[in-house]
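Each of the two complexes below includes chain A, the first together with chain B, the second together with chain C.
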Partner chain A sequence: MLNYSNVIENDKSYPGLQMREIKPVMKLIIRGKKRQFLSAVGKSLNLLLPNEANTSSRSDQLTALWLSPDEWMIFSNEILKSDDNNYDVEKLLNKNICKTNLGAVTDVTDQFVLINLKGDKIFDLFETGSPFNFNDFKSKKGLVTQTILTKIDIIVHNQDINNVNLFVRRSFSDHLFSWMNDSASRL
Partner chain B sequence: MFLINCPFCGEREQSEFKAGGEAHIVRPKQPTELSDDQWAEYLFMRKNIKGIQFERWNHIHGCRKWFNMVRDTSNDEIKAVYKMGEKPPVK
Partner chain C sequence: MIKNLRVKSSKLVDETYRISFKFNGSTYYGFKGDTLASALLANNIHLVGRSFKYHRPRGIMTAGSEEPNAIVQLHNGTSRTEPNVRATEMEIYEGLVASSQNCWPSVKFDIGGINNFLSPLLPAGFYYKTFMWPASFWGKYEYFIRKSAGLGKSPNVPDPDIYEHKYIHCDVLVIGAGISGIIAAKTAAKNGFRTLLVEEKSYLGGSTIYQDSEFFKINNQNSASWLEKEINEIKKIENLEIKTRTSVAAFHGYNFLLARENLTDHLPLEQRENKTRQKLLKIRAKKVITATGSIERPLIFDNNDRPGILLSSAIKKYADLFGVACGEKNILFTNNDSAYETAISLIQKGIKVQAIIDNREEIDSKLIKETEKNNIKIYKGYTIVDTSGYKRINSISIMKLSKDGQKVIGSKENISCDNLGISGGWTPAVHLFTQSGGKLKFRDDDQVFIPNSYPSNQISIGSCRGDFTLDEILINATKLLKDFLNIKKTEYENIEIYSAFNKSKRNIWLLPSNKILGKTKSFIDFQNDATAKDIKLALREGFRSIEHVKRYTTTGMGTDQGKLGNMHALGIISETASSKMGELGTTTFRPPYTPLAFGTIVGRNVGKYFDITRKTPIHEWHVENKAEFENVGQWKRAWYYPQNGENMHEAVQRESKAARDSAGILDASTLGKIDIQGTDASEFLNRVYTNAWSKLEIGKCRYGLMLNEDGMVYDDGVTTRLDENHYIMTTTTGGAATVLGKLEDYLQTEWPGLDVYLTSVTDHYATISVCGPNSKKIIQKVIPEIDLSDKDFPHMSFKNSKIGKVKCRVMRISFTGEQSYEINIQANYAKSVWDNCMEAGKEFNITPYGTETMHLLRAEKGFIIAGQDTDATMTPIDLQMDWIVSKKKFDFIGKRSLYRSDTIREDRKQLVGLITDNPEEILEEGAQIVADMNKTPIEMLGHVTSSYFSPNLKKSIALGVVKGGKNMMGQKLIIPMEKKQINVTVTDPVFLDKENKRLNA
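Up next is the complex of A and B:
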């Protein structure tokens, strides 16, 4: 990850809700349509990409989120130690996907900010600013959705019960995080 | 405000979508052989009827995929939603 002066500096805690940024975490967007693409990714990463809409799959090191029928986000489960932008997974995918013309791999590590939310008030917070119906979503582990929160595009990953990952574009992260803090203080 | 059933993501709120104008407009095969009036007809003229209309929509804050919709413009009732390249399920 590149060296940014980060906008989210402190972990925040409210009754029933804790928020913190997780970094550095590798994030890749991969795109492809062919069947060979899916099997090549599966073999390269030892991880099957989720076929079903709004779902995710997970291996020891990586998690894959369904974004659209031909687009997935892959991120590392562990926090990376090194402060550079070279990832073995990306190199492997570049070799097996890009160079064979099966699909595209884009490094979005610095583009997206990963905010982790914990607690039983997460969806109360989301419901104050999102048009998405979280009623079924919140009880099913592993579900993914792209929606809007206070008019900002976000990706929500229901990692575990009361443990949610939220991806937001870096340029919006300052505003979103301050809005979430403001909103959380009134829950 | 109404709900739209995205053919890829499922039911979502209208504010996640963007309307993309009339659907099923075919580009002329030989544009150079058309008169200016015919070209303007293809390029600019769109139906704006009260009733059943075929439209393109984009799930811009979700999967970012384009799809088609049959909508009654008088009451916003959605008759059908179908993927690009598919034939409309209703006439």
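Up next is the complex of A and C:
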């Protein structure tokens, strides 16, 4: 059996800010333009993909983030087992989307590290390294943005008030998390 | 002599909190709230520095950021030392150590002061004229010029402070918290705009907050009291953020501004530990209201630079705000009513005013009447023609002005004094407005430049737009704010304003003297010692443009950027050249408005955060096994693994030998990986690669070369067909992001009809490459269920597999020329698989190798590295890779360019192998290649692109590009080095196993 080695080992806590990696979480990028693609995904997952830019939708098991007009990220709400990387959702979508030539399904589970941030200082942290205007974003649940934090591409999902999911590519995650801790220590 | 000139307590200064500080080695005391300037003045110290060129004694001249003279070095010789700090802005703290600049051995006795006596020999342009000849002497001149250049000393040890950046987005940004800024911020915030108010000083209210006089009233209250209530109100508004000690440094296009927020400079050093010193605020504002006020002008007359000569408004501020008298025998010299405001303030505080010299002849105003009531002698229609006192002014000489103001008449009269306030009217602070691209117009009435057209969503209000009286400011600001914020009403509609200020002014740019101009020193730029005489000399010598005069005379080129004197320089040019001020224009105002520390600009992008580092999932293993790392793009890649004190060469020789003889293992996770899906995926690959893809079988891999539209090699890699409509493409490590961007761009803009989707999976998969004769045995142990037989799994093929319950992909591809397998596995399992490979390979002496060995192994095989053996001028044909260019395909990116006359030339630089005559001699990469050393000029045929000593071939090998190299096989060439020539023979670039026996073994 293979050992599972994620990047971020310890949860971190500062006044008004807690940061931890959520893992293992299945993540898929799905892409498609056709109307049938949207309905096939909806039927397969019992989840309507958000069609408004920079928004998200959620079912009990899954969350879908709008990334571009023909691109979404789907991630599992639950934590999965770490000894197995076979996902039923992926299989189902492969069958209903790829095999029917409606679009593309790509496993990106370890492409992104999911860091969950909680607390009222989340956006104070972001302001130290991201040019994005979070003024309206922070008060609207479910909004999504793709921006940079200290020059690193990130996806930010405003899951709830003072509860944010940050997705960063794995190779950058150690550097980013170190930077976030450094910045958080002075908030 | 030390005196206490503290005359009255003020709201800003806390006299219960005494602070000691050192200036030029002596200890002095001030109070909390004092600036270094106010504290020194309270101790009767005016002499604080020496001017740049003539080393003339100079004193504190202003009370703000426009200060040209009182610039000091803080904490000299320590890590926190900082030059050119304006004493007028520096708040004192316990333990502050400041010293004068540009003087030796001391500010009181400065050897450089001899320049003042040599000044007739040092006109403007002295350096340009003098050091032209003889040319051979330049080395000697340079030594002395460099020694005398610059002000202050830069720190030579690392900065211990922390600096940060912060991004701010607001609806309305108000710059400046004087009376205009306060009412603007309140109006904006109360109307629902998310508002940010920034003020460079530590307090709010500008000059009105200490305007506590019966002559300036709002709603029947003294203007200071009225404003204080407004300030207290705005502090309670929720959507209004106020930042003091925050100076806007730059106003860029589209309302993007940079500001420096100063957080700890006013604190004792021991209280600064682990705190952020300064923040660079990056502000994006939907609307900007500039309320930066105005700067009082000096007056230009002979010897107008002595310590003890201050702007009149500064004297008032030191008295009103800091409770400090700048002198005991004060004289004011003015061309407008401002000096009378100062006089009234001084009288109120019991500070003696000897006299007022007013160059206006017939004047009358309430302020003047009030002054006259106090038996102060007013010399109307007079001007100062000279001053005396070397280290502190002690008297002035005045004469009557002629009616036209062009000359002086009558006899000279001397008046003794210890302090002189000068007021030449006011200059709107339009610096930020013009930085943003705003255009100015010249108002002839009072000779000021004011904003004309706004390039972005912004307005200027208050005195920075030329409204100088209280009533003008409030009435116009209210009107402008309503339009700008699109609101119907403000709370300042029916306000009652009383201002006794009379706007009359007699503007004379250069006041006449009883001496000829050549005998005077009428300073315009106080820091750089540019005088009126210098400006006129520049004009005589043919300079006309203000930009040229500025550079020739250095006017406005000091740390203060000419905030005081630039207008006078323009005025004198205009008068002398008989041109109109409005047509002359101004010099360019460039950011920053006040100097910024490098630390503030850099923020936290220092040390380990200087640049981003990317790590592979196996990175920690490489660290534990003492790998040396090399930067490849932002990646940290294992370079080589030295053992027992090996150097790089020795380690690489060992690693490459092991890889060929038994087994080597490489972390290849950094290669770019792009998942390609869609019914047109094959057609897409046909278009982006030079070779054909439609017939590639599922489960097979193919090497591809990607060109730019100019036909030059851009990237390369192996792409695998995973399914009918599903491929995975690999790219070079450094090219991954740009290749994905380029391909996505083609799909979106050129080929929107193609049904293809791209997704990066670079970080999702780790890639472990095991190569060498024993690689098959090792992989078999790691993945027992996979059939690795050559028949079932030949070179350039792929299989899906599983390790435990974890799915993975195995490719049999090779970059080393050895039999080689790559396991692609989800990143979080990669470390475990690597460990398994190491364990399984133990019996075969599996040897981890880094990028250096990888480069050597591929060079033995003649495989190129895009970016090392290519440089955006190499076509596939130049690389002798004609075989990869399909002749049958309808099109691919770059195809057309391959048939241009230039790209089919036979004598283009082409990739060849190079073998040295001496097999031990290793060529230097980048070395030039020539054929004939005697030809003049020597013809450079090309250069070495890759070079190694091959332990497997037991000789030096190299790749290089050589003009017409393809047809030069066997020819002798020369590599000329600094002290020797190396003879080489041109060969085929494939040095090892041309028949691919090892690959297929």
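As a working rule, the second predicted complex is superposed on the first by the 181 of 187 C-alpha atoms of A that agree within 3 Å, B and C clash if a C-alpha of one lies under 4 Å from a C-alpha of the other, contacts with A are read in each partner's own complex, and residues count from 1 in each chain.
Just so we're on the same page, a residue touches a chain if its C-beta (ideal position, glycine included) is under 8 Å from a C-beta of that chain, and two chains touch if they have at least 3 such contacts.
The structure presented is a predicted model; accordingly, all values stated were derived computationally and were not measured.
Student: Contact-wise, after the overlay, does A:S57 reach chain B, chain C, both or neither (first, second, both, neither)?
Tutor: neither
Student: Applying the touch criterion given at the start, work out whether A:N96 contacts chain B, chain C, both or neither, answering first, second, both or neither.
Tutor: A:N96: touches no partner chain.
Student: Is A:P131 touching the first partner chain B, the second partner chain C, both, or neither of them?
Tutor: Touch partners of A:P131: chain B and chain C.
Student: Could you let me know whether more residues of chain A are touched by chain B or by chain C?
Tutor: The partner that reaches more residues of chain A in the superposed model: C.
Student: Once the shared chain is lined up, is A:G32 touching chain B (first), chain C (second), both, or neither of them?
Tutor: The answer is second: A:G32 touches chain C but not chain B.
Student: Please work out whether A:N158 is in contact with chain B alone, chain C alone, both, or neither, and reply first, second, both or neither.
Tutor: The answer is neither, since A:N158 touches no partner chain.
Student: Is A:Q146 contacted by the first partner chain B, the second partner chain C, both or neither?
Tutor: In the superposed model, A:Q146 contacts chain B only, not chain C.
Student: Taking the contacts chain A makes with chain B in one complex and with chain C in the other, which residues are shared?
Tutor: 71, 131-133
Student: Please output the residues of chain B touching chain A within their complex, sorted ascending.
Tutor: Residue list for chain B touching chain A: 8-13, 15-16, 61-65.
Student: Going by the contact rule set out above, which residues of chain A touch chain C in the complex?
Tutor: Where chain A meets chain C, its residues are 1-6, 23-24, 29, 31-32, 70-71, 82-86, 98, 101, 103-112, 127-135, 150-152, 169-172, 174-175, 178-179, 182-183, 186.
Student: Report the residues of chain A in contact with chain B in the complex, numbered from low to high.
Tutor: 53-54, 67-69, 71, 131-133, 145-148, 153
Student: Residue numbers of chain C touching chain A in their complex, please.
Tutor: 162, 164-169, 194, 274-276, 282, 284, 604, 608-609, 612-617, 635, 670, 675, 677-679, 723, 725-726, 755, 757, 759-765, 803-807, 826-833, 835-836
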